[in-house]
Every structure is written in structure tokens, then in C-alpha cells.
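Multiple structures follow.
Okay, so subunit A shows up in both of these, paired with subunit B first and subunit C after.
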Partner chain A sequence: MANRIKKVDREALALIAKGSTVLGAGGGGDPYVGRLMVQQILGEAGSVDVVQIEDLNHNALVLPIAMMGAPQVMQEKFPSGKEIPKLIEMMERLLERKVEAILCIEAGGLNSTIPFIAAAQMGIPIVDADAMGRAFPELQMVTLTLGGMGATPMAMVDDKGNGATFDTISNQWTEKLARALTIEMGGSAMVSLYPILAGPSRPYLIEGSLSTALDMGRILDEHKSGAAHALADTYGGRVLFTGRVRDVERRSDAGFTKGKLVLEGQLDFDGKGMDLSFQNEFLAGWVEGDLVATTPDLITLLDANTGGPVTTDMVKYGLSVHVLGLPCDPIWRSDEAIGLVGPRYFGIDADYQPL
Partner chain B sequence: MIRIGVDVGGTNTDAVIMDGSDFVAGSKRLTTPDIISGVRNALAATMEEASGKVSDIGALMVGTTHFVNALVRRRDLAPTGVIRICLPSGSSIPPFSDWPSDLIDGLDGHYRLIHGGYEMDGREIAALNKDELLQAVTDLRAEGITEIALSSVFSTVRSDMEEQAFDIITEAFPNQSVTKSTDIGRLGLLERENAAIINGALRPLAAEVVESFLALAEELDLQCPLYFTKNDGTLISADQVSRLPVLTFACGPTNSMRGAAFLSGIKNGLVADVGGTTMDVGEVQNGFPRPAGTAVSVADVQTNFSMPDVISIGLGGGSIIDREAVTVGPDSVGHRLLEESVVFGGSVLTASDIAVAAGRTEMGDHPPGDLPDLAGLIGALDQKAGDAIARSRTSGEAMTVIAVGGGAVLLPDELDGLEVVRPPHYDLANAIGAAIAQVSGEDSRVIALAESMTREEAIQSVVEAAEAAAVGNGADPDTLQLLSQSDVPLAYLPGSNLAISVTVVGELNMKGT
Partner chain C sequence: MANRIKKVDREALALIAKGSTVLGAGGGGDPYVGRLMVQQILGEAGSVDVVQIEDLNHNALVLPIAMMGAPQVMQEKFPSGKEIPKLIEMMERLLERKVEAILCIEAGGLNSTIPFIAAAQMGIPIVDADAMGRAFPELQMVTLTLGGMGATPMAMVDDKGNGATFDTISNQWTEKLARALTIEMGGSAMVSLYPILAGPSRPYLIEGSLSTALDMGRILDEHKSGAAHALADTYGGRVLFTGRVRDVERRSDAGFTKGKLVLEGQLDFDGKGMDLSFQNEFLAGWVEGDLVATTPDLITLLDANTGGPVTTDMVKYGLSVHVLGLPCDPIWRSDEAIGLVGPRYFGIDADYQPL
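Up next, the complex of A and B:
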């Protein structure tokens, strides 16, 4: 278990960004852009305060801030920088109270760094927790859904300054409507959703996520090409496969990048093959036809050469990779949770087998 | 077909003459501060060695580290400003974000953000405003910039706004040099913009370099076309290089790897290129360098153009030995090896001196004598080289290390458990890599898949277009092969749309020239 952090400066943010790509499980987008935005606000010396959820008052309003849409869009079209103050103003008006802390909804990928922009811009702390413990492709796939908490009231603001609020009958409806509007807004937008009170939401949050991301970033830095094994040792996972990418197929479907990957074994896995399927994140992996891991457990690829995480966007023919399997947070292992984020939801005809 | 290959490295400049795949002559001379005298020395010596053996030189091919060195040393960089077509999006990450501050100072980094750009599906974010654009140019020029780098959101999807802006600027300011980001980089605005800025900053130097090579060719009576080598091991004309010097950035490692694979006949293996100051290690697959999978940082700037995946460490013939700390490099006597190293009569103990003392090679007239700590020093050298080899491996599978470059003799016969070979003419591998450089053709387009068109058929149609482009660039159609291929779906568009890009290479067609 990683030591809990209290402050995040430029250097710590870089480590969190790096470690969050492990939690991204192949998706979640590149946190680099988010990191640059925070650095732009913090300057050389600034920092953001980090609090534990238990340190907040029971009725403190905590607002998750995230980017919604295709991470590739954010690599090309950066926010104007005016989105978040407007989002917070809209949410405070809807909820008729002031926000006290910011929450990261998704510790994996780009959305691990985006909430720091809000904390830095608004001068309030960020909570060391998240609602996924990884990255997931759809908006209802958060632990808060398991606690019966609604995504709305939700606000969305685009780079042009357009804002919208949502009040929906289910989190699945929020996903459908918000995604449709995101596409209209140009493929990416800033959102605030799942407004929560610190006390009641605590049982459903995955605590210490930012500290975990930072620790993972440090492991990547220290162990380089040995990082896959070091992460497996530290976080109770295992290296599922080592091999070279022999085919990548990607297709676009309803706003997601779906596809499959074929690996040819190397080292301990010489002579074997692995297939992986993904929908933004890696969903499942089969070695020689046998299922070895499925969502919600994390499947992450690390470059065998450099140890750096490889996303489903970046993966290329010929690249040599370690496939790392990490267990998800236990909250994801109930029947209800498996119905929300398990393999069958993504159309994979297999039962969830915990790593 | 006779070709001359020249490679300008940090320490040495090499020149070779090749007759098809046969080595005819070659020499190595020190790189001079003005560069071109070193090239003249190497070329003249090589041509003299080959005199009587060849006639009708078909092409002069040059690989040079001029440009990357200028950036690393922050010298000869033109004041370059950025116009990013993006508003109202984009202000949260301004141009030059995450650049080292001394490099921004070196470039006098100024920028303007103006309205425009596209969404990923090709809709306009905002219309381009001619007055706003021209005001930005006027302001930047008033601030002292001479080069403009132009970037635009999703210009990889639609380049027309960037092109329109280019036309507007060059119409209003006919002599203004402008680099368009779409000519260089791929998806990723900041990285593509960075590549465009670097390109702009190097343009005046590139024009000078091309001019000096043309003048030298004339002086040496070389009546043949001049080419430069690109990052992917293929050729770019002299005219193109003065517009797009950044495309030649990583040609040094590429040429040495291609040359090493060619000389050794080993198409798949590791290449260790040991020069005067650095050792570069990379992997060749089918005779070409393995490209870096991710964004590459050049002189601490993130870019995303295609480069070989190379690990560079401070170990070369001129590396200075610290006997107290028992370390080799990274400081090097560089250019001054022939004056300062012990074997050449100087007083600085270098990696070359300990290699001579260990009996690995012979050079100079002043034997280094008995070094009581030799075993420890050689051990430090081997350890450092072995680490770089180990880090370059992507698997435990046995492969050969092809050692090339003037410092190849420093290396032991085994590194990280792998056999080390030195092919004939190993010390001229870079220039040979330049001389065997091929011609490429690229094509990228978005294709809508349908019942009647599979992914394979779509890719094949782009391959055919790339092949046609290669032949148009002067490739021999009978020698074409696929160098790289990628297909990425475009999300948020109805149906299934693939953005496919393909590069093919072939031999320079010298028939009928």
C-alpha cells in the first residue's frame, strides 16, 4: 500500500500522470495534455493540496471533474481554459451550495490529471480517491452507481463556451445523452457529474487512488523495463504474457475504438500466442485460446524495451510488450458490479474469473 | 551505378564510393568547425583513392548531424514564432509548453493564437479571419521573428485552413518563410507544432548547408544530383531539405544501422555505433531501424515524427577516463582526440588509450604504458556498453551485435552474452548507409469501409498509391517493398472509416540517367 500523499507539485503530478497510464488499462487517454494544463496554472512552484475523504465534513460537497469524449481529440484540440470555472459555477447554482473539494472520477489515464486543473484553478483541495480505480469507457461505470448515486445533476461545457445541464432517469440515460452532445460539441467536453457529499459517498469510493498512481509512476521510473514484474509483485498481479504484436485491428463503433490484438510469444511464452480484445480499454485476454483475464480486472501493456505503458491507441505492429494483469478493487467483484462492468456487458461470451 | 555517400558526424566525417553494392573507396577525416572543409577533405581523399576505378558518378548522398547539433547546442537557430489556428479552443496549453527555457530563449519564442481550426469530423471550430492572421504576422515580425511555424487544430484531418493561411501570409509578405505543421508531423497538435517550430528555426542553416554542398560538388567537378538522407533511411532532394530540414534529424543512427546491416549481411540484429563521443544502440529488423513506438523527445522537446528507436550513451573513442571514480565518459575530448589523448602524445587518458593498453586495437605512436588499474577501467567500459545493449533488447532471443563506427574497436567480443562482430569497413558504416539509401513513397488517406471494400482491400489501394508516389520520386518499380503501414479508425463518423498511411521504399532508379 502506497503512502498517502498530502500535496501535489509539478514533480508529483508527473509521477501521477505516468502511473495513471498503468491504471488506464490501455485506455483513458494520454495524461500528458492534462499535466501540461495543470503546469500552466501552477507555474514552477505551485502545488495542489490533497485530502483524504475522511478529513472532510460529512456534508461537504465534492465535485468530480472529468473530460468526456475521445482522448485523441484532446491531443489535438486543447480546452480554452475557461471550461472549469464555468462548470463549477453551473453546478453550484444547481445544487445551491459551495464546492469544498474536487474528486477524480477515473484514476486511469487523462482523467487522473484533469481534476487537478479544477483544484488549481479554484484553489481548493483534491480528494485522494476515485470512483473506478482504473479507466472505464462509459459514464455509468463508476462505483457510485453501485451505491445508487446518480450522475445528475450534471453539467457539460465545451471549448467554445457552450454549457448544458442534465437531469436524467438513470445513469445509462445520462451516458447516452451526454455522449450524443459530446459528439456535437466536437468530440470532447469538460463535465462535472456525480456530485456527492463526503460522508455518504465514502463507502463507495476507492480510497488512496492518487497515492497509488503516484507510487506506480515511481515504480515505472525506478524499474524501467523491469516495471511489469515490479508492479505485479507490489500490487498482487502477474505478468500474463510477453510477446511481439503481430496484428492490430481497430474499428470505430458508436463513439468507441474497438478492436483486437494478436501477440506472438517471447521469452517464457515462446511458441504461444495471445489474443486481446479492447473497447478503449483492454477487456479480455486469451492465451492459446484460454481466457486468462477479463474486465473489471486491469489488463495493461508495458513496452518490454522501455517499461512504459502502451495504450490501445499507441500499440503498433512489431512492438514487444509485457501484458500485466492487476486485480481490480474488491468493490467491482459483486454480481451487481459484474453486471455493470463485467465481460458480458461488453459482449464477451465468458464469465468473470478473478485474477 | 556509382554513388558517393557522405556522413557528417559530431567527431568524424566519412566519405565512400560504392559501385552498386561493391565498396570502391572510402576515408575518414575529422569534422571541422565549418563542417564543409571536413567534407572536402574526406571527399577529396576518397576520390583520389578511387581515381581511375570509377567514372560517371550517379548521385551524391549526404547524411549530416548539422541540424540536430544546432538544436542541441542552441546555435544557429532562427528566431521563430508560432501562429496557431485554434481559437476559441487551445488557450489552456500555449505553444512552447514543456520546452526547456534556454531553448525558448534561443528561439525568442513568440506566438499568437488566432480563430479557426477544425473539429475531428472536419467541421470548422471557427472561420479563419484574414485580418487577424495578418495582424499576428505583423506583430510577430515586429517582435523580431524571421521564421513562422503554422499549426492548426486537426490539420491532419483537413489541411485546407493551414494551406489557406500559408497562402495569405506569403501573398502579403512574399519573402516570409513559413513552415506548415502538416508537412511534418502526425496527430497530436503540440508535438506536430513543436516539429514545425524546430523546422522553422533550422531553415536558414539548412539553406546555407545545401548551398555549401552544392558549391563543393561544383568545386570537385561532381556533376550529379545531390540528395540528403532522411530519418527513415530514404532520400530527400537538396531542394526539399532546405524547406524541411527536420526530416533529416535522425539520419545519423539510421544510416549507421542500415550500413551495418548491409555490410554484415545481418538483416535482424542489434547495431552499436561507437563514435568519438557517443555510442548509439538500436535494432534492425529486415535491414531497417525499428521505429520508436511513442513520442520522441529531441533536445528535450516532445515531437512525433517517425524516428528510429535508439539509446545513446556517452561512450566513444574520446571519452575521458576518471581513474579515481573508475568511470568512462560521458565527457569527451571529441574533435581533439588526435592531440589530447595519450596514444597521440597528449595528456588526457581516453577510452581509446585503455583499449590500446588492453590490446584491443592499435593506434597512435605513444603507447600508454603500464596502467595498474587497467582491469577496473576496461571493466567499467564493458559494463557501460553492456548496459546499453541490454536495454536495447526486446527479448532474450540471441542476436548478433554489429559494431560499427570509428570506436567499434573499443568493444569486447561479447556484450550482455551476445556475440559482437565488426563487418569489413565497419568504420565507414554511416557513409555506406547513406550511399545505399533508397527512395520512398508515402500515401495516407481516409477510406470508408463497406460491404464491397474490406480492410485488406482498403490498405492495398493505399499501398498502390504509395508505390506510385515512390516511382514518381525516382524509385525503381521492380525493387519496391513495404516499409511501414498503419490504419487507425476515425471515431465519431458514421460507418467505419479507416485512416490508412503507408510508406514503401525502392532503389533509386538510375536507368537512363
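Up next, the complex of A and C:
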């Protein structure tokens, strides 16, 4: 694998924001908004230390920080700078101890960058890992659930100053209750959940994912319109389709952005069509009616002209895109994992076929 | 005023359950369910000490305990006995101190009895007071809001074992967030909110309300079908109407039971009609189109044959009832209070006219 990063400055973070949007699989928020937030907080000279999970003490408390909600709403609610310290104070009070490092719960344009704000504000390092290796729409969909770890104690704050905490009987119940509150708070909230100890959680984390996001960001910058093919080659994926957006159907439903996308083939795919379905993230894609990829593998769009990643919120009629399929982390391919995040959970009547 | 009670046994509590249902103004839960719960917890010999708020130390921590949700749902969810200790532990942890007495937040068949379970389980006294002097549907509708006191820290648990806490910027926000979670928890939850210190909160509490409920329970038992007139005479109220239920329109809306009631006059009211509207509690009543009473004054129904109080959930086609109007506590008659709980808040286009 690639070299692991040790420190992230403003420039590196801009690359991570971009690269993590590829891992975001259509969700996880807009990389430009993530970058703006970071510029505001990190400033010119600032940097954040990055650690490997193995370099922390076995019992070091690691707190994931994330925004929860529909990405479209999340990116309209710039954190004020007060939310994160409040969130961490709430968690430290519940846990009766101090946080030693910050973790990204998922990879995505917003949720790979916002945790850097937390690390910078608290003056502690961020862990080069996450708990999905991609983005997923619901909060129980993390590798830590496979490890039997609980989402609670969880804390949640909104941009107005309201806060709540949860202590639930299952991660599915945490999702249910926290989702209802997120909607009531206006569609998005800042959360900290799955407090973990470094040692016991290590077997379940996707290690090196910030380094991977940085590498992907570099590939995007170097290869521009050729980035989709370069990413496919580097990460064992495949360009599933190239085409122009003919239709986007997008609706807000129970706190999520759900919808469908129809593409009209171009270049190698001239004369063919592709359908994609999404719930924040892309869930499945069909070419001429044949299923070509499903969750938990990553389906992600790149602008065919610029190579920039395109989220389900950004995609527009007329845009030419490459549809990139990337294999998910092997942890997502067990029967238990497929039950948690596979196509049937989302109501797609198909078995998971690994890319 | 009546003598204040010092101790409540099973028999006294049955009277309180019944009498508080009159104060519940159509809401606050079924007195029979309240009584069943108490029989289960208090047993044959058990009793709970009752204190006056003035007898507590100035800085004694007093915790209100209540069920939140639509009464119809609340009474189907018998507390398991585990909820209250968990709730109190959550509050004590947030407040970093021990609770010294329990308070009823409102008067009503369920919410005047459930706090006795808490007092019995914790082995501490219950305060002879409450924060409404009646029942109201929303949690910001307490005298403590008029005193500038906050609903949070608040804790909430459901019958499955899920818990949540809130820390909000206003009592209206607490209502909004806690209501959403109550719905998600299945329509009802056990809550503790408005943690108060005895001294500073005293000017805002309705003192002696458990004693009043007990006295009302005695009047109901003694006067049977004549209870409505006896209560009107004793408490400065008026029998607003006597009639048979001709129509009940009841629906579940955003966690509340809302609806309308149409009565066909009998006896003194023969040939006339009365309309009543409710949201858990009765909000307003019109005789032949003329408004005769509105919130915050109490509008309550008593079975014309047995004298038993009838809640908005119990009322049925064909039942003969007396509609009793009772003046609310004077604290509810200021302009600020009318803004909080008056008819216009509930969308009734009329000014409050005191009974």
C-alpha cells in the first residue's frame, strides 16, 4: 500500500477532501464545502497530526466526529466552531474520561474533513482509518457493528445550540432515534458516536483510509479526465459506464436524499443505457437492465471532462460522467456484512455479486 | 384550603388517581390504569411520604417524573419497573447530585400516580404540588416556564430500554425534539425534566395539588352522579352543559390525540347543543355556537350516571355527561401565560374569557 501520512496541512486536506469524495460513493458531502470549512479552521500555517491506530495506547479513547443528515442540507449548515467542543464535552462527560484522538466514521467529502476541524480545535491527532472505507447512509452501517460495538453513548448538537445524547439497545435503534432528531433539528446535525478504544477496535477499522484518500486526490489532480481509468487501474476497479445524464429523479425522504439516475451511453458505451439508484450513496447500477454493481462495492461518478468526483446531490442533466466501480474492503463481504449493507437491505431484489 | 396530606397509601392513591383525572381536564391518562400501576408497585402495606415544598431545604433537588405521549398509548405501556431507576440515574449523572424528592409535573390520572412509583422505588418523598394545576398537552406549558426555568437537562427512556437526554436552548425546542423521539419510541416514553431546587421554584409551583386531588376523589366517591355540581360548588366552577355524546371525532396527529366532540343537551340543556375541541386535553367549549370556556380554565367531563371522570380517550357515543368548568390557577391568567397556553396558541380564534 501507499505511504502513510503523518501530518496534514491545508493543501493535503484539499486533496483528501477530493479523494474521499471518490470513496464517498456519491454521498458523504460536497468536497468543495469540506475544503472551505477546513480553510476557515486550519488557516494558512496550521496542520493536524495523523496517527496510525497501532501507534495509540491500547486503551486510548478515540472519538468519531461526523455530520449526520442529507448531504444537501449538511453542506448548507456551516459549523459555527462551537458545535464540536460542545459535542466532545458531552461525550467526555458521559464517558468520564478525556478523548485522545479523533476518527472519521466514514470516507466522504464532508465526513473526511470535518473531523480535522475537531482534531485542530482539540489539539489532538486524527487516526488514519475509518469505519466504512466508503460512505453509507445509515449509522449502524459501520465495521464496528460487525465487531459488536455500540453506537452509544452518542451525542448530537445542532447549529442553534440544542444537544441530545443517546443510550440505546442496538445500533439500529440509535439510527432510528438519531435520524428522527436529525430531521427535527432541520435535516442535519453534528454527532459523535461509537466511542472506541484503540486496541480492541483495530481489527474492525479500515486502516490507512486518509492516506488512500490523499493518494486518490493526487490521482485526480494528475490525471484529470483520465482519472476514472487511472483509479480503476490503481485500486482494482472498473469503469462500468460512460455516458450523459438523461434524467435525475431526486427526493427527500425520511431524512435521506433518495432517487434514480438514467445515463445515455457515450464512447465505448454508445447506444446503451445505465440506471443507477441511490440513498445518499449509490446503491446499485444496471446496464441495459443487467446489474453490474451493488453496495457494498463502491459506485462513484467522475465528471468525464474534468475528472472531478460528482455526488448524488451535484449530478445534473446533461453532464457526461464515468461510472467507476471499486471493490469494497473485504470486511464487507461476509454474510453478516451483506445483511447489514447489501442490496436487499435497501429493497433491491438482487444478490450481491462482488466486482 | 383543605388539610394537606402527609402520607399516601394504596387507598389514598386510588382517590388521588380519580380526583386528578378531574384536574386532568380530559387528558393526563386513565385513572384506572394509574391505579393498577400503583397497586402493582405499592402493594398492600406500602405508603409514600408526602412533603410540602416549604419543608424541603432551599437547595434540595426535586425531580419531576412523567409519561409523555398520547394518553391512549401511554396506558398501554405499563412501566416495567426498570425505567424509573434508569431515568433517575441519568438525571443524577447529568446534575452530578442526588435527588431528594419527586414532583408531579401535571395533574392527571397517570401523571399524578406514576411519580408515586418513583418515590416508592427511590425511598424518597413526593412533593404536594405540581407545575400545571391541571394537564396540558405540551411540555413547555408549565408554570416553571413562566418562572424562566429550563426543561433541560431532561432524560427520556422507553419500554425497550432505549434512553436519551436533552440540553436545549428553549423549552419550546425541548418539546419539539422530545416529541419527535416520543413518536419514534412508539408513542410514549417515561421522562424526567425541569429539575428544580425547592426554594427558587416554590413561587411558581401549584402547591397542595395532591391534597386537592385527594379531596376531589372523596367528593366523587361521596356524591356519585351529583359530583359535578358538588365539585363546581366547592371549587368555584360551573356545570357548563349536560348532554349525550352524539359524535366523537378523534385522530392521532404528531404524537397527540386531537379531535372534536358534539353533545346533545339533556335536562336543563334540553334542545341545545355543545361542541368541544381537544388536544389530549379539552381546549374550548361552545354552547349553541357561543364560547363558554377555554384553556387555561379546566373543562372536564363527568359521567352523568356514575359521576366518574371521563377523559378524551374514554368518551364514547351515547354516554351522558356533565361538562364541568373549573377556574385555572391564577398564575395562568397573566398575558404571558395566556400566550403560552391560551386559546390562540392552539389555533382557536378567540380571546380567553376567565370562567
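The criterion applied here is as follows: the second predicted complex is superposed on the first by the 354 of 355 C-alpha atoms of A that agree within 3 Å, B and C clash if a C-alpha of one lies under 4 Å from a C-alpha of the other, contacts with A are read in each partner's own complex, and residues count from 1 in each chain.
The rule is simple: a residue touches a chain if its C-beta (ideal position, glycine included) is under 8 Å from a C-beta of that chain, and two chains touch if they have at least 3 such contacts.
Bear in mind that the values here come from a model prediction, so they are computed numbers and not experimental data.
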In the overlay, answer first, second, both or neither for which of subunit B and subunit C A:W173 touches. second
Classify the contacts of A:Q353 with the two partner chains as first (subunit B alone), second (subunit C alone), both, or neither. neither
State whether A:L181 touches subunit B only (first), subunit C only (second), both chains, or neither. second
Touching A:N57, do we find subunit B (first), subunit C (second), both, or neither? neither
For A:K160, is the partner it touches subunit B (first), subunit C (second), both, or none of the two (neither)? both
Thinking of the overlay built on chain A, is A:L267 touched by subunit B (first), by subunit C (second), by both, or by neither? first
More residues of subunit A are touched by which partner: subunit B or subunit C? B
Taking the superposition as given, does A:S334 touch the first partner, subunit B, the second, subunit C, both, or neither? neither
Shared contact residues on subunit A for subunit B and subunit C? 160-161, 183
Within the complex, which stretch of subunit A touches subunit B? 32-33, 36-37, 39-40, 70, 72-73, 75-81, 117, 159-161, 183, 186-187, 224-225, 242, 244, 249-253, 255-257, 259, 266-267, 303-306, 308, 310, 313-320
Given the complex, residues on subunit B that touch subunit A span 86-94, 97-98, 117, 119-121, 123, 125, 153-154, 156, 187-190, 285, 290, 293-294, 302, 309, 391-397, 455, 485-493, 496-497
In their shared complex, at which residues does subunit C touch subunit A? 90, 160-169, 173, 176-177, 180-181, 183-185
